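Following this line, the structures themselves.
Note that chain A is present in both complexes that follow, paired respectively with chain B and with chain C.
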Partner chain A sequence: MGLFSYYEQDSFLHRLNPTIKLLAIFLAVMVLTLAQDPYTPGTFLALVLLTLWLAGRVPLKVIGRSLWPLVVLTLPFFVFNTLYFDVGRAANPHIWLHLGPWIVAREGAVSGLALSLRILAFIACSLFFIATTDPSDFALSLIQQGHVPYRFGYAILVAYRFLPLWTEELAAIRAAHRVRGVGGNGGWRGKLRQFQRYAIPLLASAIRKSERVAIAMDSKAFGAMPDRTYYRELQVRWSDWAFLISALVLLAAIFYLLTVLGLTSGFGSLPA
Partner chain B sequence: MSKSVRTLVYALAVGAVTLLVYYVAAVVRGPKVEYVNWSPIVAAVLTIMGLAAGAAWGVGGELSQWKTRDAVLVANLALVFGLLFLGWGMVWDLIKPLNAILPGIRDLSYGFWFLAALVAPYIIRKPGAAVVAETLAALAEWLAGSQWGFTLLISGLIQGGMAEIVFAAYGYRRYKLDTLMLAGAAAGIGSLVVDYFFWYSNLKPGVLAIMLVARLISGAILGGWLAKVIADGLVHSGALGSFPVAREGREQV
Partner chain C sequence: MSRSIIEVNNLSVRYPLRREPAIRNLSFKVAQGETVLILGPSGSGKSTLVLTLNGLIPHDIEAEVKGHALVAALDTATASLEALTSKVGVVFQDPEAQFCTLTVADEVAFGLENLNVPREEMDNRIRRALEQVGLEGMEHRSLLRLSGGEKQRLALAAILAMKPEIIILDEPTANLDPSATAAFFRMLAPLRGKHTILIVEHKLDECIDLVDRVLVLTPGGSLLTEGAPRDVFATKSARLREYGVWVPQVTEWALTLRSRGVVMNPLPLTVEEAVRAAHLLEIPVSLRRGNARTLASDGALAAQVRSLSFTYPIGERPALRSASMEVPGGGLFALVGPNGSGKSTLASHLIAINPPPPGKVFVFGQDVSPEAGMSLARLTELVGYVFQNPEHQFVTDRVYDELAYGLRVRGYAEEEIHAKVQELLEDFQLEALAEANPFTLSQGQKRRLSVATMLAVGQKLLVLDEPTFGQDRLTTDRMVSRWRRLQEQGITVLFITHNMRLVLDVAEKVAVLSEGRIIYQGEAERLYGQDELLRRARLMPPPLYQVARALEGTEINRSAPLTIDADDAGDHRL
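Now for the complex of A and B:
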């Protein structure tokens, strides 16, 4: 499975409404995209991780273990964006060296660094959300606050519930193939054929299971009424709004401080 | 208003409004507005995002018409595709060196990420299937811890919205190889637009052009063609017996 998972804990961040948390991340991601300098995402990244540690009570060890593989993945992205930077867009490029067809300029490196820190800031936001949000609360909140049709909300819950089954299913398909003496040859062609052999039975079994569950749901009159009641009702409390507003104020404060210090370069323009 | 017309009208309306807002902000208010400059690329990017978001908005009302069976099927398919997408991210990182041959050529592998938006509508043939499937697959990929973080949700919505426009343009009636390939190519445009917005705005226009061509090709073949192969394989397995895609096959026989 993936690198991030829910970290069970009781904290301020864990008690926040999932939809409000998602909204806060959406706004932060959109605003961060406007910044072209490395300082804004860098500062934000540090603050998100700090909040996750202190207000979310997620141990630094867990944060570090989740993030380091992604830090490594960011390196090639940095190199690509530096090498293929559109040098013509900078007013006075500070060219460091010519490498065959590539021009390595300071502006390119700064832009590459800014984009890499942007990736890391976005990843930190994801970890922030995923580590502190119970998946079933998230689905429930999407229905109750996000106005997702409840049939879809429950379908998402069903899919989530089925998740561990796919690993078992895959193991069964692999065993069935091995018993019949199929597969095992290497090379990328073999891998591709293997993918095809596994994908179709896996998807077919997903479809069969979905249909069976849907029939069971229908037979219990699920979806017969336009609305339904809930055993657990999630609320949006004043602390949720306080969190959303303080996140935006913090973001504005970062922009303001960095601009006063002369470290930003304005929205949508190039770093100087 | 028929369903397909409704999707297209919403798409065009939101696309036009987006373009107008950008035009007013960048041109009408004059060059003194420091932060917004007119650029044809940005105009195209914003308009296409508007088109796709509008299509997604337009089909939103359709979702309450879905049967439980369709919703559960699409959610499960999307989850499985989301996990496959996460794995494809590793392939994407492994073939990074290809970009040293020709920058952007790696994008020939991009079409795989549109499969959810193509397989789901092909199977259930309902308005909204492309948007819902691709967005949910992106959600699954995001929650499983993808390197692209939250931007995936926006990518999913825009890619699905672009594919949805093609299915709507065919009146939600024709689901053949050409429809799937066109929808895949449209999703390819949508993907580049979002990537430009988040990551690629400082790249050379030439590199962006190669990426666009690569994604159109990849969306059509690795997306559209592969989606048909997978879906037909599923029909063949008998799992889709009660869905529209299998009924069509029986009528032909």
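Now for the complex of A and C:
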């Protein structure tokens, strides 16, 4: 089971219609982009992960392992945002210390934290969707509820199906080059050249395989008719609507609560 | 002949930018319910013919088509793809590249959906199709968890569900091990007559008893001959050999005997027929090996593996379980076993692609483990390793540079490099291609180049991962004679294969892997006598061996060569 991928399980979230789930997440992300404070994304993050754990029945261990590397990745955002914060922007800055050319202020740290939490909340939203959505259900739902042209929906599905094959193929190419005595020497320049060497055989086999799969699909009358029937028809049930409405209510409630508590300073107003 | 369902009339197909047509003036008919085998060497246009018959040429794939192909009364050039694809179903060679969904039921449903079959009908048709191929109850299985053999059966089920009148199988078993191949063709038997079946296949021993008629294409893509298999093999054997087309092994044996005055009538195609014919003629048979070579080695080992266990980081089960193997120096050594038994994993330890712990793997007496101080540079001077897909190994964009690469990274002088590269170009018949880009070569040329690159710095052990995969007879024969020449130069060749005939023909020693364990190591003829072992490793003895065993109490004498004798008239090499 790879990190940050579909987690097979039977749960409320897994049973939701993928398009509705995507819509709810899209709305949440919209609200998130507007928030400038650390509290909104913080609350989001906690809520999303809690729902994923309880309603999606994805074990905390799996969630943690998927998110951990990304937490590390957001650290530089926090550090740089803190160091390069324009203290002049704050009316009454709380300066903590001077570090050479940098001024570390409370406002800077808060803004850095807000940014990091926001990135993490976006990532958590993606995980929420990816971990609980069967890829073929997603493609089907995009076609059936999202009215995406079916050729496009199937392209997504085939791409997904081929992902593990590319990993295998790349490993084989890497091993083959090692055997030629092409070693991992010579810094980033060597790495770049190595990447170029991998790219050609990988591309050659990608083109060949996709040609083959296209021929196999067309041989089974794919695209021969403007419409097709579906073996599995995904429905939008009342539980889907309930989920969407409660997500909306929750989003509004969070926003309202945080405003009342005065924690959304700068919300909606981008600094000049 | 009953009503013909396929009528090909003076058909020529030429791809854009090609001077020569892939198919030339082809005319033939196939009667409804017939099973026809299409034979021809690599590049004779077999796959082009398949794609023309289901209309993908010219509807999807651009090509200039002259003449006509009528399929179920539809002209493939003008009828709609929808009409054509519902009449003609194709199973392709590559099990990885013909599926576009993630589960078994979805895959079978895919074609039905495209044909607008009502949803209520689908469950029944899916269940029925899966029953026909022996995959019942696997509807919800993920495609990732299917074996190669199961995948090809699923590909057939997906076609059967669409209820085509004509089924075309384009080398369906090329990727399968011997028992999966046999299982695939067994499943095909009850479909004969209900559907018209065209088979493109190199493995004749396994499918010949299903075939009503054979159609042979020439290297230029025209028709050499057609007719009942027996007649074709009896009258055109010289031509088939010249073109490098495989013939069933027992048929070849009978033809050899015939040339020496022993005539079997009718010409046998299967093991049973051969046994019957040999009985009638009272041909005395003894199991001896025709080409046994005494190893010219001093008993030194080229490679040794001592109780090696290995599990891939993401693997659930161990790939190797204390596997032990000894490869004698100077020989041709075969490594066999079912798909997924760990053959490539074991071989890849010899060159430390998977670095073994110290004390486990030795090449010419030297420990290959990096922890024992073996550098990759040094190891790659001892061992050459050729991957299944030769393209993976190409690191430059010129054949010359490709051969020079290993020498250059080792700092050889430019004159020395030039001399060595010239020698390799000649040895491997690549002189004319020195300036070409390796990716533009033909499959056979790519393979030759990849072997040549692996011998440039004087490697003494050559490891080949499935070198004969999908090759016609001529290419295989040439490859084997090349191995023999290498052997004379003192090079040990270890090859992984599913081809049991090749093992008995050329390998002095064979090792059998099953579920990560070496369960046999020794002479090939001794292996084929052990039914229980063969069953465990899902292997099958070559047809001629089966004939010999059926006719004799099987006393195997290693000191004398293994042959099937027909008096003194025939001593046909196995």
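Keep in mind that, in the parts below, the second predicted complex is superposed on the first by the 252 of 272 C-alpha atoms of A that agree within 3 Å, B and C clash if a C-alpha of one lies under 4 Å from a C-alpha of the other, contacts with A are read in each partner's own complex, and residues count from 1 in each chain.
The rule is simple: contacts are C-beta pairs under 8 Å (C-beta built on N, C-alpha and C of every residue); 3 or more make two chains touch, one makes a residue touch a chain.
Everything numeric here is computed off the predicted structure, so don't read it as measured data.
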item	value
Clash-or-fit label for the pair chain B, chain C on chain A	fit
Contacts of A:Ala221 with chain B and chain C, given as first, second, both or neither	second
Partner chain(s) touched by A:Gln235 [first = chain B, second = chain C, both, neither]	neither
First (chain B), second (chain C), both or neither touched by A:Val29	first
First (chain B), second (chain C), both or neither touched by A:Leu70	first
First, second, both or neither for A:Asn92, with chain B first and chain C second	neither
Partner chain(s) touched by A:Pro164 [first = chain B, second = chain C, both, neither]	second
Which of chain B and chain C A:Ala204 touches, first, second, both or neither	both
Partner contacting more residues of chain A (chain B vs chain C)	B
Touching partner for A:Phe152 - first (chain B), second (chain C), both, neither	first
First, second, both or neither for A:Pro135, with chain B first and chain C second	both
Least Cα gap, in Å, left between chain B and chain C after the two complexes are fitted on chain A	5
Chain B and chain C contact sites that coincide on chain A, given as residue numbers	135, 154, 158, 160, 200-201, 204-205, 209, 213-215, 217-218, 222-223
Complex contact set, residues of chain C against chain A	51, 54, 56, 60-61, 80-82, 85-86, 89-90, 92, 94, 96-103, 105-106, 109-119, 122, 126, 143-144, 158-159, 162, 348, 351, 353, 376-377, 380, 385, 387, 389, 391-395, 405-406, 409-410, 439, 453-454
Interface residues, chain B side, partner chain A - complex	34-37, 63-64, 66-69, 71-80, 83-84, 86, 93, 96, 99, 103, 132, 136, 139-140, 142-151, 197-199, 202-205, 207, 230, 233-234, 237-240, 242
Contact footprint of chain C on chain A as seen in their complex	135-136, 154, 157-158, 160-161, 164-165, 172-173, 175-183, 197, 200-201, 204-205, 209, 212-225, 227-233
Chain B-touching residues of chain A, taken from the complex the two chains share	1-5, 25-26, 29, 33, 36, 66, 70, 73-74, 76, 80-81, 83-86, 88-89, 108, 111, 115, 118-119, 122-123, 125-127, 129-130, 135, 149, 151-152, 154-156, 158-160, 162-163, 166, 196, 199-211, 213-215, 217-218, 222-223, 226, 266-270
